[in-house]
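You will see two complexes here that share chain A, one where it goes with chain B and one where it goes with chain C.
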Partner chain A sequence: MTAQRLPTDWKSDAMRKRIARRYGAERRFKLAGLAAVALSAAFLAFLLFTMMGNGLRGFTRTEIALTVDFPASPLLLDPNAITDEALANANLPMVTGEVAKKALGGDADALLSPTAWISIRDAIKADPKILSRTETIRVPASTAIDLAAKSKGSPEAEAEVARLKQQGVLSTGINWNFLTASDGTDPTQVGIWGAFKGSLLTMLVTLLLSFPVGVATALYLEEYAPKAWWTDIIEVSINNLAAVPSIIFGLLGLSIFLNFLHLPRSAALIGGMTLALMTMPVIVIAGRNAIKAVPPSIRDAALGIGASPVQVVFQHVLPLALPGILTGTIIGMARALGETAPLLMIGMRAFIATPPGGITDPATVLPVQIFLWSDEVSKGFVEKTSAAIIVLLVFLLAMNGLAIYLRNKFETRW
Partner chain B sequence: MTGPAILLLLAGLGAIAWVSARARALRLQTVARATGRRDAVHSLPGYHGWYVALWTLIPAGLFLAVWANVSPGLVTQAVLADPAAQSLPLDAFSRSAVLGEARAIATGLQSGAFNPASQALVEPYSAALNTYGVAGAVLALILAFAGGAYAFTRVRPDFRARTRVERLVMATLLVASLLAIVTTLGIVASLLWESFRFFSMVNPIDFLFGLKWSPQSAAMGYGNDDAFGAVPLFWGTIFIGAIIAMIVAIPLGLMSAVYLTQYASSTVRKWMKPILEVLAGVPTVVYGYFAALTVAPALRDLAVSVGIHGASSESALAAGLVMGVMIIPFVSSMADDSIAAVPQSMRDGSLAMGATTSETITRVLIPAALPGVVGGVLLAVSRAIGETMIVVMAAGLAANMTANPFASVTTVTTQIVQLLTGDQEFDSAKTLAAFALGLVLFIVTLLLNIVALRVVKKYREAYE
Partner chain C sequence: MTQEQTDLTIANPKMSARDVKVFYGPKQAIKGVSIDVDMDHVTAFIGPSGCGKSTFLRTLNRMNDTVASARVEGEITLDGENIYAPTMDVVQLRARVGMVFQKPNPFPKSIYENIAYGPRIHGLAAGKADMDVIVEKSLRRAGLWDEVKDRLNDSGTALSGGQQQRLCIGRAIAVEPEVILMDEPCSALDPIATAKIEELIHELRGRYGIVIVTHNMQQAARVSQRTAFFHLGELVEYGVTSDIFTNPRQERTKDYITGRYG
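Showing the complex of A and B:
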């Protein structure tokens, strides 16, 4: 005798509970997914927010209006003969200190930045006539005062700030120095121009080396390479190079470029060469994908009317694949721009206070500068580091934006 | 004559060769066509131009490259043969110092000599430099003219200039693609060579299985024997990169991929995907700074407030957490690819049986996509253990063997940076150890990549 199977009673309590449980699980799962996405995005937002919060202050500086009574000051300068040499011999740093003591009172040396005298020098240079009258000049405040005025400093500094505010001499100005100066020892005097120029030179070397080689390799592998064991080796090498940790490239640069070929240490040339080795596989892989996307009918048509294989590639395939190749190149260059580890290996972490003049001069780059500043003990470097990070992120964003724009504008769907 | 001037002159000659050869080819072809021999014309005039220009430039350029390497030796020989060189000190080191100073003065890099012996050599030095410089320039120009003239005589309508030029183009492309092999060989050779020197000082067994890492004590002369045990570094690397970072990255990356591909509306997907990818584009030095400045102190305070002992401000957890966040888009895009590769029919089948979306995902899609996901995770691990800046800035230098995430551990990459950016005496075991660590890192990441790619490939084939 066979038991007759009853249809499931979906309305029963057990079944309702079961369905409710399953739907609850469904909702929870969906929420978990949403939470994962939100958490990742929140982390990014938190990171950017922290950097902005710290870094935007790095673009401003606290200034103290210093009233200088030039005729009464111990400054020995002839208003009619202001030369760089005369200014250099006038012992401005000391004079500035004395003037500040008289004007502000208290421990004036602790109030002004060690570079305050430069503002006075520039003011004299701009208008020598001020030497015969009393003039109010804005000079940068010291790190302690700067920190206390912007957010939170030591109790003594806070007290000084309160006193200066009462005198009405404190103001906030844009720190142009941060964009035009190089590395220094005091947070009030540092700037990113030196590192930025180093980055530009390094990127130039990287681009000039990796772009032609990368495109040539992509063309060869995609269009001409015969199927043979040695072309397989090339392919495997390129795929592996794309996955090798960047620090290994630094070790290669150190042992081959520096110790074997004796190229100049810390130079943009070496940095560029090392990064070019890293960027080349990225360009090759992007280039091959772009070349692969050009439909065979284009090649067949060109061959059919008598073009040679080289003409087909250089006059038809390459121009059509170029937007894709350029997008890949920009993304690769953006990666190289943010790269730090291999450049530490080849000595680009030296303290360099002058911008490099050429690709063989000692240089540093933006990410390495960020790393160096992050190691500084002085609290004033926190906002400078974050400000440098903002500059770096803005450039990376611009490059990636350009890549996306290029892709959208020139991308052809065949 | 200076180098840039010669190069400019050569470039000018090349341009003249291109223009004149092209003009000649054009004329000859017009004549040939006018006489009705159309089939006799092979290459376009431009190719003849390139052919002659290349013949003008390449032999002379090659000669200059060789000459730039040979002539300093010849100049030195000429100077040594000079009577003024008889008084040079005999030992090689001070001799080369004097010669170097004389050369610097003769080329104008330096204005005066510290050593009177160098001052005496300046005169013969500049004479020799001048002689060989002029000789090199003249020879290069002769080669350029000879090459150009030879090629120019071959410009005829039936000459296959295009074939020749294209052969050179192909050779250039081939050489460019061989550079990838050269780079790989360069990496392997330099790592192997320096590691070999290291292992001649330190026993490889001690290095790979030793439990004590203190290169500083070895540098101070306490012997190499038990100072280079790398196991604490391997543990730290695995702890941060393969355990903590993956605990963060795998759930978040996988769930993000699932949500964005299965649940999210197309608008959400369009916006959230690039935002997640920004996480991968942020430079690692920024993550490192963030970890060291914000995350690490917060975690230490948290640990202290709940009473965990040994909490360090350079905790493994801070580095691992931030590294995990950096890896999220990587895991998510790999998972995305593998889930997309699961055939639609499997999904439809499951849904048709009455399974909810989440049941379909967890019981059908993810098991089917598992090999791809695992491959992606392996790639992510290989990336995490090779990551440098986050651990350099946020993890410590103390080589501890601890499973306490709030304690400080150190990693392979941190130590490579630490060993190579201090004082540089290149032959000490301390600096060479960095290359041995680099070799281990290279081999491990290579193996992880090979295994991961194989897993992914096998799985792709299963559904094709």
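Showing the complex of A and C:
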């Protein structure tokens, strides 16, 4: 032991090594972080690419140009009296089949979608004068042809596609039907509108129920509730409620709303009520945090000039907490939008071919529609499933965009 | 209680506290304080940190009501009326006894709104033109008008610290209070802003009863005519400011003033 300490040698080997180790540690940490980010980015890219690859095809359809010689066709229609009724009685599906057989040859039924006649009907409706001449109308191809034309189909379908291509009648068009129709049995006729509207109505019910109740609960717990054992119990219960698996909420909805209150099954009303149970605790927790974050000095300021407690809450605390509450609400709503399990429990998995007219009509929602389509055997549903996922993701992105917009709009700059 | 003091009891005090005790749960923070406040003198509360100055100040407009554990005993009157009586409306009391806090706390709203808020909730203005008059008068009294008259719609939080504090004083003035309580209003400000606030206190004296808490003894000496020295929850000495600083009667006051502790 030397009593006297030598002055620190900042250039010694030990020091140099320590510095090198420090830089090394920093480099490794950076690399690990980079690797983590790269991995999640890769997963995201993979998801997006497969979704886009499959899904974008769901928004297009293969069309066949059908040349119809109307005067020579067995169609009995008076060009001066085109009414919906006359069109409905004209037996267009049968006529379309015969025309197709003549024009395209082969097994026309296997070439055209069962909905092909609708295109012909719409063309006649748009311009009745075509009934007196020969007209080329684009009609949707059958699922087998659609698949074969877009990617890979059965050998027979591939052969037919090759033959049709030679005739120069194949083309690709936008499948507007997908955005305007509802569920169906044939993949060429299904659409997302019914499920989209169902989701919209369900979200509306969820928002109208969970937002006021959630905000009121958060305000009461933060601003009025005394600190007592029963408020602690409420707090713990709400935190636990937010963590309960969603299927439990579905069971709750089933037993209370359907079996006990006898509300209409499969309706957006019940779906919205069930999801509101799930969303409310999220709003309460986000709301309480946002309210807690309002500086106490603002409360003092308002109380100090004689604002009543209610005025303090509604004129100062709530406006300042609003951005946080809205963000929490939209996160909760986005979770509810993607929820499937509880809705299956309350019967929203039924096959519903007409869009719901109101909140008590039978409806389905986007994620359930995705679930139903992914379960279909027909290969044509694969791209429809992916396309529906894209619609759902766009819906979610729009909601998150709204959240960011609202937060920036209402955020107080100190 | 060893309160040997000049008799400063006033015949008709604006506010008067008699044997006030404050408890936070089981802990006693104020141990029987009696004091009178009038309109002609600025009263300063001095004393080391944690001695109960803020606690006592906040009993005067019942801001202590917001602390769940706080309990007040004794009697405090405003114009002879007990402010802790069940018939007293606390909202009106706080309009009559305004408060300015340690940290400037303007609302995150426009300068105009900051001033107009109080008069609006108490229904003091008859229309927009009248409100404009109140806002201008209050800002003038707070010595801020010339600095902000061209940007009344800017956010109150965009002002400098000293301006924010004067805005808060203007906000308190706008509801026509009778007494203004100030809790270390300059402790977050630089010397120039502090000087402005002190000047303002001089100008406001006489129009309002003013009580100011400060840990700065020079400030107490500069702005006040009455000084109360608190220590460990007791009012050790209360007297004419010049007496307290030049000729303290109590050993503890002398120790504090000469900087032996605190």
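As a convention for this text, the second predicted complex is superposed on the first by the 367 of 414 C-alpha atoms of A that agree within 3 Å, B and C clash if a C-alpha of one lies under 4 Å from a C-alpha of the other, contacts with A are read in each partner's own complex, and residues count from 1 in each chain.
Simple rule for what comes next: a contact is a pair of C-beta atoms (placed from the backbone, for glycine too) under 8 Å apart; a residue touches a chain by one contact, two chains touch by 3 or more.
Bear in mind the structure is a predicted one, so any value in this text is a computation, not a measurement.
**Student:** Please determine, from the superposition on chain A, whether chain B and chain C clash or fit.
**Tutor:** Fit - chain B and chain C, as placed by superposing on chain A, sit side by side.
**Student:** Counting residues of chain A in contact, which comes out ahead: chain B or chain C?
**Tutor:** Touching more of chain A: B.
**Student:** Identify the partner contact of A:227: answer first if only chain B is touched, second if only chain C is, both if each is, neither if none is.
**Tutor:** So A:227 only meets chain C here.
**Student:** With the two structures laid over each other on chain A, which partner does A:51 touch: chain B (first), chain C (second), both, or neither?
**Tutor:** first
**Student:** Taking the superposition as given, does A:316 touch the first partner, chain B, the second, chain C, both, or neither?
**Tutor:** A:316: touches chain C, not chain B.
**Student:** Scan A:308 for contacts with chain B and chain C and give back first, second, both or neither.
**Tutor:** It touches chain B and chain C both.
**Student:** Can A:60 be said to touch chain B (first), chain C (second), both, or neither?
**Tutor:** In the superposition, A:60 touches no partner, neither chain B nor chain C.
**Student:** After superposing the two complexes, find the smallest distance in angstrom between C-alpha atoms of chain B and C-alpha atoms of chain C.
**Tutor:** In this superposition, no C-alpha atom of chain B lies closer than 7 Å to one of chain C.
**Student:** Go through chain A and flag every residue that touches chain B in one model and chain C in the other.
**Tutor:** Looking at chain A, the two contact sets intersect at 308.
**Student:** Mind listing the chain A positions that touch chain B in their complex?
**Tutor:** 22-23, 25-26, 29-30, 32-37, 39-41, 43-44, 47, 50-51, 54, 212-213, 216-217, 219-221, 224-225, 233-234, 237-241, 243-249, 251-252, 254-256, 259-260, 277, 280-281, 284, 308-310, 314, 334-335, 337-341, 344-345, 349, 367-368, 370-371, 374, 382, 385-386, 389, 392-393, 396, 400
**Student:** Please output the residues of chain C touching chain A within their complex, sorted ascending.
**Tutor:** Touching chain A: residues 61, 63, 66, 68, 91-95, 98-101, 103, 105-108, 117-118, 121-122, 155, 157, 168, 171-172, 174-175 of chain C.
**Student:** In the complex formed with chain A, which residues of chain B make contact?
**Tutor:** Contacts found on chain B: 162, 166, 169-170, 172-174, 176-181, 183-184, 186-187, 190-191, 193-194, 251-256, 258-260, 262-264, 272, 275-276, 278-279, 281-290, 292-294, 325, 328-329, 356-359, 361-362, 379, 382-383, 385-389, 392-393, 413, 416-417, 420-421, 426, 434-435, 438, 441-442, 445-446, 449, 453.
**Student:** Would you pull the chain A residues touching chain C in the complex into a rising list?
**Tutor:** Residues 226-227, 295, 297-308, 311, 315-316, 320, 412-414 of chain A touch chain C in their complex.
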